[in-house]
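Listed after this line are the structures, all set down as structure tokens.
Below are two complexes that have chain A in common, paired first with chain B and then with chain C.
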Partner chain A sequence: MPPTKDADEKSIANLVEKYIDENDVMIFSKSWCPYCKKIKDALKSAKIEFHSIELDKMDEGDQIQKELFKKTKQETVPNIFIKQQHIGGCDKTLEALKSGCVATLLNPPESERKHKKVDNDDLDSKDADEKANANLVEKYIVENDVMIFSKSWCPYCTKVKDALRSAKIEFYSIELDKMGRDLSLFKLLIYIFIYYLAEGDQIQNALINKTEQDTVPNIFIKQQHIGGCDKTLEALKSGRVATLLNPPESEKKHKKVENDDLDSYDYDLIVIGGGSGGLACSKEARSFEKKVCVLDFVKPTPIGTTWGLGGTCVNVGCIPKKLMHQASLIGEYVHDSVDYGWSQLDQARQHSWSKMIESIQQYIRSLNFKYRVDLRSKGVTYENSYGEFLSPHRLKLTDKKGKTKEITGEKIVVAVGGRPKYPDIEGDQQYGITSDDLFSLKYDPGKTIVVGASYVALECAGFLHGIGREVQIFVRSILLRGFDQQMASKIGDYMSTIGMKFHYQRIPTRLECLEEGKPGKLRLHYRQTLESGEIEESYEDCNTVLFAIGREACTNELNLDKIGIEVNKANGFKIKTKEEQSIDIPWLYAIGDCIDEQTMPPGQPLELTPVAIQAGQLLAKRMFSNSTIKMDYYNVPTTVFTPIEYGAIGYSEEDALSKFGEDNIEIFHSEFVPLEWSICHHRDQVKTMSYCKLIVDKNTDRVIGFHVLSPNAGEITQGYALGMRLGATKNDFDMTIGIHPTCAENLTTLSVTKSSGDSAAQEGC
Partner chain B sequence: MASCNKKLYINSYHELKNVIKKIEKDKRIFVFFSGAKDTQGYSWCQDCNAIEKPLNEIVASLLPSNGIFIECSVGDRASWKDSNCLFRKDSQLRLTNIPSLVEWGTSKRLTENQLYDPDMIQILFEDD
Partner chain C sequence: MVHSITTMEELEAEFEKGKNKGKLIVLDFFATWCGPCLRVAPKIDDWSSGEFKDTVVFLKCDVDQGEAVSQEFNVEAMPTFVFFKDGKEIHRVVGANVDQLKADIESHRK
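What follows is the complex of A and B.
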């Protein structure tokens, strides 16, 4: 068909529209034009991506220019559109850049963003839209017993509505065809937590995502998806609708828990567990003048180790771990000292296990005392007793001597934490130890086999090696499951290089005692899968076997079944919670290591003291005041205190790739040499092993993953956690001036990307 | 030394160190620091006067069987207020206020109002 003038114009107009629609920043340009070059350079400097076409190099170039003049009354190039808004030429665009108008167009302002922040992932605006729509749909479904997504002109919608009216069943419907900007703005003012202006189409899309039904009417009854007109009429006829709206007696029994409320309670709040979470929660509750009781009881380990008030962190976790890590670092500094001019330190170097234990235990005891005094002075009742549920709100307490009593609490918080697992092999509890025993071990552990590849295993192996003990590590499959695997393997490389022996695919089968003693001589039998696939059975002799294969929540002996809560081994016996409240029982709450919390990012459980503390404090505020502030489990910084420390915030590379896709992320990375190590001969083989990377969401430039492997990574990571919390972009990191010479500054000068394939090795200072 | 008499009165830093050196290693030592008393038995430190009787009663009933209770005077007002006061400067003791009850050899201590609370004293006396 010969092209007519009209057809030409129409197709050119469409072409122009297409360019403008498909590119956030669109530049109609000419290759020789200096102003076009000027604005492109400016955008490049501001790290703003754009698309440009060179009209002088195109057949339809002239026609496009004419069309642009028709559209914008501008006949010159560059002619620039941002997010489909016409900006103008070079000068106008430079001004818009300077004034921040460009940034605002590309990244909608805070107030809008805050509401899209549905699960704190910073997605690009398209995804954020989707999430907002999904939430709007959810809200309609949850808030209305019978919810109909309808269109005003649709006869089937009318049919089912009539049927429901006849059956005298109340329903709520929204007409998707009538949802344009104005109407929905009014409707949404009622649902005030989403200010996003929804389009009916987008709601329909959200419904498709949710139900795979693309037609209207789309009907939900008591949050159950029924279907369209026919399915709903059928459900009406069969009585299913009636059943859904009025659940039978047996289902109602479940709700009877609220009728288990007592007339009066001994305490407003009972907290089971005096660890990081429990103590923080109970003390915060006292600030609201509530009557609070804390129960703390340590069931001794198989070899009889026990400890005082304060929980895992203080007694057998973070505190002694960090002190022993420091002991091992000091050992390393002694090696370094030679090159710094110190003499004889190296030769005189020796380490006394008992002296270290004595210092550490003395400090821990002072903390136990401090916590006791603190609870007392804040008016929290403390019971050194084991608590178990007898019935709703009622606990039986058993003290060290076996004496029992009963107490009741209006609200109860379970903060019992966890304990290390044993592998369930012969001799494990009899001859093996765990971290529960290690930090107060009264004798030198000597040659030690660490079984496990958790951060506990690697940290313990690390400091034992650092203070001069021979260490072997038996790993079943991979190191640091759940952590960024590139970083995990770098930790493994570092630790092997400094002399620790890793044995992969090795599973212990039996622990035998050859000779009693302090330490004795043990023989650990194992099964090893060789590279060939063959299975070899053998053994290794040592003085101590430390099991660090994982932890389980201490919920098994609380008699939770007496109040209707089930826990099972599949998720480590954790209590299922939503915003720290039991999903089954409204007066029962839980915080810390023992919870399986719905609002936590999937994959990596956040079993950390500061998380438990903050969750406990915010929970107390919500329980006893009108606070609605919820715990934010995203971008929680963590650090593994292996001999080379590893700090991380946000997404691991694996999680980022699977959530965002390879095309949407860019990874910047660099190796570097800590200056303090550069002159130490004893560090020659590990000097270049420090490494850092930032994972960036290409669409928003936001840094979604922060990883650093270096000395003092813990201190470094804490500082950057503030930036991550405030939504720092790669540009923010780059524009932050580094402090020289430090390891931390490397995060401000990253330019090499993984995708470029260039070397990440550092060149010079 | 006389092991039947569990209460000791000490008047100086050096005397305190000497006495403690001689105490059996298996004993727990609790030292109560207060201002020096005049000939009538009153201290220049008002809080110390007030706490004396109630504290003594509590200690009498709660002191563990392996515990030794020592009352130690930190001297007159001027000596105590002096930043060079030996009780202040001792690296382990680092006493900062009186009245104070301290378990010697540990960082556990209670001061001032805490001393009126038998439960607090009980926490201090509790065995680890």
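What follows is the complex of A and C.
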């Protein structure tokens, strides 16, 4: 019998309640689910009676599952309740069984009060309730150095409390399962300003809003959200708890200093830098109705290039790069076209640099305009001026005409990003260019030498070659430092095979101009270390030299020293932050490429637009609401848009080996041939160069590293990033059905391991 | 002839000009990087020296050069054609629909 549309939500809710109320042990189950069977077997062995219903065999099964999700935020089965308490799924119930919690629940000792669920279908005062609960949670957190939101039957809560007692650390805990309308008079008096008496469940909801953590114990120390049992035990072990409870003298500086504060400020928030991070942060701050100002100013490059609002990504980064990468891919498709039956496309192939630049620049300028309109419509004040610090909270603004003015901000976010470095050799700034100039270059670059082996260097070299310019790459030591080196070397192999010349151990020493022009003729002198160890000095002539040797933060001219912040060349002039707040100055924050952030995985620079955007948004929420949600810099997906693209998530092989040890990881890999290339003669030599690997933690089967070298790796990697975020195991990857024929499906059929020594080449379909 | 303006003062001056009094004034907000704007501009040029020569005044404003003017009129997309009579906005057309624009000019001309 099909489910009736009339079975309304209320009657389903009532049905669910009935099952829970009428059975001491209630299991919402599905007949085919192995975890359901597992927990039922365990309960049977423990001679514990239970009632279960099989949702897959019921007409209203789906609706019941939806109601359970609404009620418990758990969408899986088995979903188990004991004496009306929501326990969880199979694992949680097994734990509760093992720890004796189940027994205690079923046979509570006389002295414990029974908790009855109190009805609360008063939907009108829901908003007022939410605010009251948020306030109550804040009060608990502020008034207690160590605050534990707990549940009496929860073994992890007990564990962490025992640990704190052993360490002789005082704490205050409230048992959310015991909170109800019968609070003692004592508690009533303490929290008398809140006239609505809180429910444990609603406190748990308020905690979820604040911290994204839905479990207990939920622990705060000196108002800092620590986490659950494991994180708190770690913090105890590492000494962090002690430090939080007794900060050393120098850290006390982090408290608001009397003489730094002003009586009033022009703005609640000033953001220095109108790039990905700065714009996102400022717009988010406006949703809290704060007075916000964004400063953006582009100092021209040595040859005079400049651009509009939007930062690096929009003007001289991701956007034009991806468009030029596309231009080069189209060139390759034209070569492919012959085998697909198209005629004469290949012979007629011609590329106009100026036409490509015109199209791209028109698009970028429309984005600049769109961002200006966007800021205006959201009520953010935009100043096209260069900002420098005069004193705490005070900035001097200089516009392009040289006019100055001063503004003050209660909070200031530095989001100035970075600019390409020059190698500091004679002629570099005069005759050389960087990516800042390349994307709007008014003349065809001609024969180009790319100096550097960063992803910028390889991407630029890649598309220049793809649109038909002669390219040489001067590499000082290795390709793509910081990236998985096996993948880096495969990229190098691919690029060499399609005709780009790499020169290793070659360092430029002087750049000379032989002939002026657009482009002119240049001579790049270099020093090369040969295989024999000898050093050879020579030169190479070309039309353009593109320096892509790394980037530095633009913090040097902000006068940060006037507010007590030092930056130095050793870490690229980045501002040291913890959770995007300056470690020296509490009202100063920073996001994006210009930060040296303590919570980022070491050695992996995450100078990416989406990282800056999310960090900026979360920061604004933390600055102007009671959110404590922090930026998670782990498992950030990235893609290098070289001629064959490389997508990665998580650990490189080197980092995985050093962190986990060879015995604890397994690497699955495979070469493959993109179907679309298999019939193209022009791809014969590179057909089999596509490759993917998964790095797996043997102990948990979790995939900790994802790597794919393939056409469209960017699109492929984005999808799998969701799986990685949810903690996918190798089994999850294997059980995911692939889509055929695609390159992406190869990640679902990996069986050959590196340790087996078997060939990773693919056979057949 | 389509006269270019970049400031509110210049626009006001056009409203005050003797020979413009009583006429429909059409102000074309455009951008040099906007494809549709470039396509519709020649048509407007033709109209200004052809069929609408004596009855309609055509002006143009580059949004990058005349930022203040474009902000004053809340221009968010280009091209935007703002129609004025006696110094007041009476109508606007957003987009490069030439037929629509011509029809609107005809009907507001009186």
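In this section, the second predicted complex is superposed on the first by the 507 of 765 C-alpha atoms of A that agree within 3 Å, B and C clash if a C-alpha of one lies under 4 Å from a C-alpha of the other, contacts with A are read in each partner's own complex, and residues count from 1 in each chain.
In this section, a contact is a pair of C-beta atoms (placed from the backbone, for glycine too) under 8 Å apart; a residue touches a chain by one contact, two chains touch by 3 or more.
The structure displayed is predicted, hence computed values, not measured ones.
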For the overlay on chain A, clash or fit between chain B and chain C? clash
Of the two partner chains, chain B (first) and chain C (second), which one does A:Thr736 touch, if any: first, second, both, or neither? neither
Touch test for A:Arg365: chain B only (first), chain C only (second), both, or neither? both
Thinking of the overlay built on chain A, is A:Ser391 touched by chain B (first), by chain C (second), by both, or by neither? neither
With the two complexes superposed on chain A, say which partner A:Thr529 touches: chain B (first), chain C (second), both, or neither. neither
Which chain A residues contact chain B in one complex and chain C in the other? 362, 365-366, 369, 373, 376-377
Give the list of chain C residues in touch with chain A in this complex. 31-35, 63-64, 71, 76
With touch defined as at the start, can you tell me which chain B residues reach chain A in the complex? 106-108, 110, 114, 117, 119-120, 123-124, 126, 128
Within the complex, chain C is touched by chain A residues 361-363, 365-366, 369, 373, 376-377
Within the complex, chain B is touched by chain A residues 308, 362, 365-366, 368-369, 372-373, 376-377
